[in-house]
Amino acid sequence: MSLTEAYLSLSAIMFGIGTLGVLLRKNTIVIFMCIELMLNAVNLSFVTLSREYGQVDGQVYVFFVMAVAAAEASVGLAIIMTVFRNFYSIETEDVHDLQG
Amino acid sequence: MSEFTVFAAMPFILLLSVGFGMLCWDLFFKCDRLVWLLAAVFGAWGFAIPQYFVAETTMNDLVYLDGYSLFFYTLILFGTAATFVLNHRYLAKQNVRTSSDIDMLILLAACGGMVMVSAANLIVLFIGFELLSVSVYVLCGSARKERASSEGALKYFLFGAFSSAFLLYGMAMVYGACGTLSIPEIAESVTSATPMLLLGIGLLVFGFGFKVSLVPFHVWSPDVYQGAPVSITGFMAVVVKVAAFGSFLRVMSVCFGSIQADWAALLWTISIITMTVGNIVALRQTSIKRMLAYSSIAHAGYALIGFISMGDAGGVEATLFYMLSYSLMTVASFGAVIVVTSGSEAQYENDSIDSLHGLGWSHPFISLVLTVSLFSLAGIPPLAGFVGKFYLFKSAVTAGYTGLAIIAALNSVVSLYYYLRVVVVLYFKGERTLDWAPEKSIGAGPTIALATATVGTLAFGLFAEYCYPFIVVAVNGFS
Amino acid sequence: MSPIELQMQGSYLLPLLVVSPFFGIALLTLVPEKRDSLARNVSLFSSLLSFAISLVLLKQYDATTSAFQFGFDAPWLDTFGASFTFGIDGISLWLIVLTTFLTTLVLFASPSIHEKKRAYLSCLLLLEVGMLGTFVALDGLSFYLFWELMLVPMYFLIGIWGGSRKIYAALKFVLYTAFGSLLMLVAMVYLAWTHNQQFGSYSFFLGDWMRLALSDGQELSLYAAFALAFAIKIPLFPLHTWLPDAHVEAPTGGSVILAGVLLKMGLYGLIRFGVPVFPNAVVETAWVLGFLGVVGIVYGALVAWVQTDIKKLVAYSSVSHLGFCVLGFAAMNLQGLQGSVLQMINHGVSTAALFFIVGVLYDRKHTREISNYGGVVSVMPKFAFVYLVFTLSSIGLPLTNGFVGEFLILLGAFKFDWVLAAFAVSGVVLGAMYMLSLYRRVMFGPIDEDKNGDLSDLNLREGIVFAPLLVLVFVIGLFPQTILSDLEPASKKTIEYITPSKRASAAVDKGDTTSSPETLQTVDAKKNPRGLNS
Amino acid sequence: MNNLPTTSAVVEQALEIEKMGIFAIPLLPLIGAIFLGASLGQSKDRHWQSGWVATIFSAGSFVASLLIFSELIEGASSVRFTAWEWMSVGSFSVAFALTMDNLSGVMTLVVTGVGSLIHLYAIGYMDHDDSRPRFFCYLNLFLFSMLLLVLGENLLMMFIGWEGVGLCSYLLIGFWYKEMPNANAGQKAFVVNRIGDAGLLLGIFILFWQLGSLNFTDIQANVGLMPPYLIEAAAILLFIGAVGKSAQIPLFVWLPDAMAGPTPVSALIHAATMVTAGVYMVTRLSMLYLSAPNTLLVISVIGTCTAFVAATIALVQNDIKKVLAYSTVSQLGYMFMALGAGAFSNGIYHVVTHAFFKACLFMGAGSVIVGCHHEQDMRKFGGLRKPMKWTFLTYAFATYAIAGLPYGSGFFSKDSILWSVYSNPGSAAGIDVAGMPLSHVLWGFGLLTAFLTAFYMTRSLVLTFFGEYRGHHEAHESPWTMTLPLIILAVPSLIFGILFGETLIQFIAPWGRADMLVGHAKLAENHTYHLLELVSMGVAVLGVSLAAFVYLVKPQIASQTAKSAPKLYAFLSDKWRIDELYAAVIIRPLTGISNIAFRIIDRLFIDGTVNGTGFFVAANGELARRAHSGRIAGYMLFMVFGLIASLLFWILL
């Protein structure tokens, strides 16, 4: 297994772990952290591929993803706060007024 | 950077600068913002028009400045303008803060949508995508005191972030398979379907499918549509969906058009499932917002027909026209719902279809607008919705997917039922007996917006022929 | 080039005719809300205008040629070959006259509607647009446009001014019809595409569709899609169950138009599109239509017999009568076809009148239960006479219009298949049975003074509504030739589509089955199979 | 062409005359009807005029018929006129045209002549009725229809009249519509007639299909071109029409019920004219029927059965009009016996004489009914010969005629029928029934019927006019408008046979079978004929005397006989229970089927499928709706599994 493949596999495993985390955890903040993990897994792929192809594109992309993730984190936490104010909980199973 | 490049960036610059300017607006001014907002939107459109006459991509191959972009700009900007006009009067009644940051977010979202549809690079596309998404997450939750609004925002945020991770991973796969992030270069490098590429496409479909709410990635949308303030729901149904479709379609046709045969089956299946699920679930809805949400899911399914039959069969053109007619009908239907439900003190409780009871006789104009748009959504000729469906059916049959056209036709029959049920409530149950009613006078702005959308629905049905050449040119730009 | 001839006389009569009701709708929006009689006069004026235009058509119509006349062509979706191509032959001409005539009558009779007057009148006028458009369209997609357009006002007419189960009835009507017509739309698109395959451009023009070389399977399945839409509209057994509900719930005016004109659309579609485009499929499946028609005749009559609601009875009688029309069509000979079209017009006159009659009773007593009536003739002698005449017309008594149509249909059907005709003739007996039984139960017997003693006889307005219909019953009964001679060229042409096309397809079959368009054209040129004015 | 019998009609050179005036014959009554109809709203004190108007128009029609008829006397073979092309579709073309030839001429005279008298009579009969204008309007309308039937040049013109008389019959039977039974009877008459009409229509279709024309002359001339089985089919189908209209088995049930109408109607429509239309039609198409031997056989048998069955029922009826009604059915049966034997002219002969005496009888009965204050039960009459002298005399003359007593008009016509049945050379002769040719068996039944006829007619005469008056109100003679027509009709009832029988038969001979011409002159040398004549004469005398003895001298015999065989008596007075049979075999099953069709097929099955489809879709929608539970975790799983599933599906595809 080449180094590239190893990194890509690691990335895939991280992505998988992140996905599983999203699926299995109930706390919205933890879920959000898992999503961050997924994003970082993708970042790892990008960096790996960028190195493989000898370009900077992928690495540039990673910066953007990180910036976006930061933005998402701030917005996300704010939303979680409003949810907490309305529901007094940030567990996903408590938030299901809307359904059907 | 040539001078023209700056000029070409003007739409974005304008929207962003007015948007950020709005942040400070409340500090300095007390007068009405609407005029300035509309000026920004139409100014952006005005700056965008010249792009049509330049058949080259600019800004270092990052953004397409072609007819296709212009077409979607037009839809996005007009949708945004309609949102502003309709919001102006009613946001306060929807428990939404009326400060200028809402306007800023809308402008940013519109800008993000425009970036998305004109992106010539997956990085740019992602930035547009996120600009749009993040703004709309906030907009969804803008009625902070409403449980539903915050729940909608949470769901939208979690699912949005989740699916953008998949989108990103899909892009990484594509990058891995093609070695480039530039859309034209990807198009050149894609000749055959490698497993990595196909997996990438699959993940991209997830990401975009989330945004345009294709089954099974649609689960968030009914809840979010219902939870968000109704003005924002309208904005999402029009601008977000159209922008997502615009970039989805460009990616699928420009990047992966050459291996269409490999992914057509996937989208064929998703298309059928989407329209069927959207329609049959809409049958059982009592909330008008939720019903329209499912209806928009079903329409996403129809629009997907154009993806499957792209190329000589004219699927792309058909989808474009469908987006046009869909925007008009949706502006009209959501506009009417905004006007109606905002009349209620507790609009979150009064979004049921039954709350429209007898409006046909007490509020003829709104009801007419709603009726025409619903008939158009149902595909009754000669309205735009019919012509849109006709183009889709035509491209499906031409591409050899007659069965798909038949299933879509049967779905239209199902959809007719729930659209007509609204008309039943509007007209067939006698005079209004509820103890609240929307205002009699809805103001000039909303009237003009609704009337324009309604007349447009009719006009683009009867005179679609005069619009079609533009669409053809728009599509020729990238093929 | 095109196998049908469309005489373009630079005439704008047809588009004028189609849009003329819009004139009334536009005026109606200007009428103040409470001015009901003004609204009625405005709409009446508009419909009289349409009627006048149709009379001009009638006068200028050239009965010596089978060509489509008063041709008009305007683009709609030209890129894909759809346009507003209008033209009429004798068959559509008379149905147009019937449409404008009945609409005028219905508008004249509108004072019996008291609520939402302007909306009611607008719906009727919009309905008229749809009906007229359907009868003049020679282009598949514009035909479809008007076809679907009719649904909308009819939906409102039933839904707003209908009876107790109006919502169910209205939705059932629309969904039933839309189910068929959407499949027809797909079939139309398929035809247009096939034209693109064979001739290089999309087209929805009837004449272009006739040139298509379709394989047997294609022809049959496309025809099935068309026929399904048409059969629902006719309505053919067993697709008829929307009709009784729609009729019972619809207001009088809606029922009159529904029975008088809308039910003709299906057969008209079969004649206009079914036969020319799918001649082989029509011939091959004629027995199916004929059989279902006969079943409809007997079944409709039997079911009508056991109804307790007057309107439902008349509705089922329509199923029976339309069964006759279908049978005449299926016979596909001159007598059957002309009889069928004539019977469509007759049914438009007599059944429309019967619905007016039900309306007269309903306006007075607000019930449609037969058992609530009885002995009405004692208090309403004029009404009794009028009712009797239309009953007789409906059961096809000679010298009334109903006989001529029924006789020609049966004559044609007998040539086609004597067994079917023999069963169909039973409709003559059953028709008398249920119609007279209805008349007897409503009109004869002792009168219950408390319940019905104060029913007033026809008033002037109602008299004016019935008078022209009465005259028509006898005029058509005595001088059917006025109409028949107008129908003849068009009917002959329709029959000719069928006869030689079998030869043409046989020639194609013998040769290369996947023959290219060029080969087909040579076959065309040699044999001139459609045989007409090419 | 096979060896079809030839008739003189084909051989003779036809001299056709075009005369527009022929249209005056039916048009005059039509004008009268329209005039009366238009004046329905006028005040009651002017009602008396309506009867006179109607009578004048029908008399005018009679005069017009005489004028046209005179052309025939002067040697024209026919007078005809085409008004316009009625319908013309492809090869099918029918003209609105009337023709009078010998056959229709005779019928026209009978219809207008007897019709006018009955109009006159009705003036008196309907004197106190509130709806006289309506009555006379219908009566004139009937005359119009009947004349179209008779004069029509083609089958379709005849069919107009055929259905038109049915309509008038319907209207007049239900004239007193406030009584539901009357309305029911009218409807029954119409519907039963329509059954026949359906057959008639099919027959018309066969003829047009084969011959391409519906003109009587064309049919008569070209019938040989048709294949024999189709000739039979057409003939039998047309005959079904005649069975309906002329009240033969099995469609005779409507006629007795039709007595619910006013008595002049019974006289005009249900005795003298309309019910003989079937005979007329068969005679019109004599060539067709002569080429259809099997059909003729069927006609013979049905005619005989009808004659016999109806006569037996008439024996036990107590309603005077019912007796006459069954008598009419029975006499119609006689006419069909003649037709079945191919003796068409004899059939018509009987039509004419029957028109006289039966109209006279009915009107006499009507006179009695009016005189006894609308009582119809013969058990409440008796001894009326004194208060109602003229009525008695005319009734007695007519009874003499119908009973077949020597040298009355009925004697000649009935006798010629019996002879033609006996000597029928057609297929009936070839069939062996218990060692005898069928023709002789039929003759035997005919003879038996003649006996029964004499018996029950005498019974009615005796019960009504002899003995003691058993009613409550005092009886009185009717006004002159009623008695005058009686007298005028009684005369030909008695003497028509002697004076004009021979002429009539010769006059319409072209429609008969050449070898079947029955006339005294021709048969003077035939011993069998004389023998049979004597036998039937004897039978008639026997019947009359027996009835006179039983009802005049020993009335108890009748009641004892009735008691000794109660089941037979009940069976007969219930009209062989044919109405009940129809109810059980046709009406009830049909109602059942209709209800099944409506409730099970329509509502349950078809609508069930339609609504079920909707329900199915909606139910799936509901399931799918429930799946949208609003739980974030569930949604996440759904999305991921959706992705995996679609990817798998895609890969596997």
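The letters A, B, C and D name the chains in turn, as written, and every chain counts its residues from 1.
The working rule: contacts are C-beta pairs under 8 Å (C-beta built on N, C-alpha and C of every residue); 3 or more make two chains touch, one makes a residue touch a chain.
None of these values were measured; they are calculated from a predicted model.
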| item | value |
| --- | --- |
| Distance-maximising chain from chain B - centres being C-alpha averages | D |
| Centre-most chain [mean C-alpha coordinates] | C |
| Separation of chain B from chain C, taking each centre as the mean of its C-alpha atoms, in whole Å | 42 |
| Centroid distance [mean C-alpha coordinates] between chain B and chain A, Å | 26 |
| Between chain D and chain A, distance of the C-alpha-averaged centres to the nearest whole Å | 97 |
| Touching two or more other chains - residues of chain D | 614, 625, 628, 630, 632, 636 |
| Multi-chain contact residues (two or more partners), chain B | 154-155, 158, 162, 222-223, 284-285, 417 |
| Chain A residues counted as touching two or more neighbouring chains | 22, 31, 92, 95-100 |
| Which pairs of chains touch, using the document's own definition | A-B, A-D, B-C, B-D, C-D |
| Interface residues, chain A side, partner chain B - complex | 8, 11, 15, 18, 22, 28, 31-32, 35, 38-39, 41-42, 45-46, 49, 52-53, 55, 57-58, 60-61, 64-65, 68, 71-72, 75-76, 78-80, 82-83, 85-87, 92, 95-100 |
| Touch list for chain A against partner chain D, complex | 19, 22-23, 26, 31, 92-93, 95-100 |
| Parts of chain B lying in touch with chain C, wherever the complex brings them together | 361, 375, 379-382, 386-387, 390-391, 393-394, 397-398, 402, 405-406, 409-410, 412-413, 416-417, 420-421, 423-424, 427-429, 462, 464-465, 468 |
| Touching residues on chain B, where the partner in the complex is chain A | 122-123, 126-127, 130, 134, 137-138, 141, 144-148, 150-155, 157-158, 161-162, 165, 168-169, 171-172, 175-176, 179-181, 222-223, 226-227, 284-285, 290 |
| Contacting residues of chain D [partner chain A, same complex] | 625-626, 628-633, 636-637, 640 |
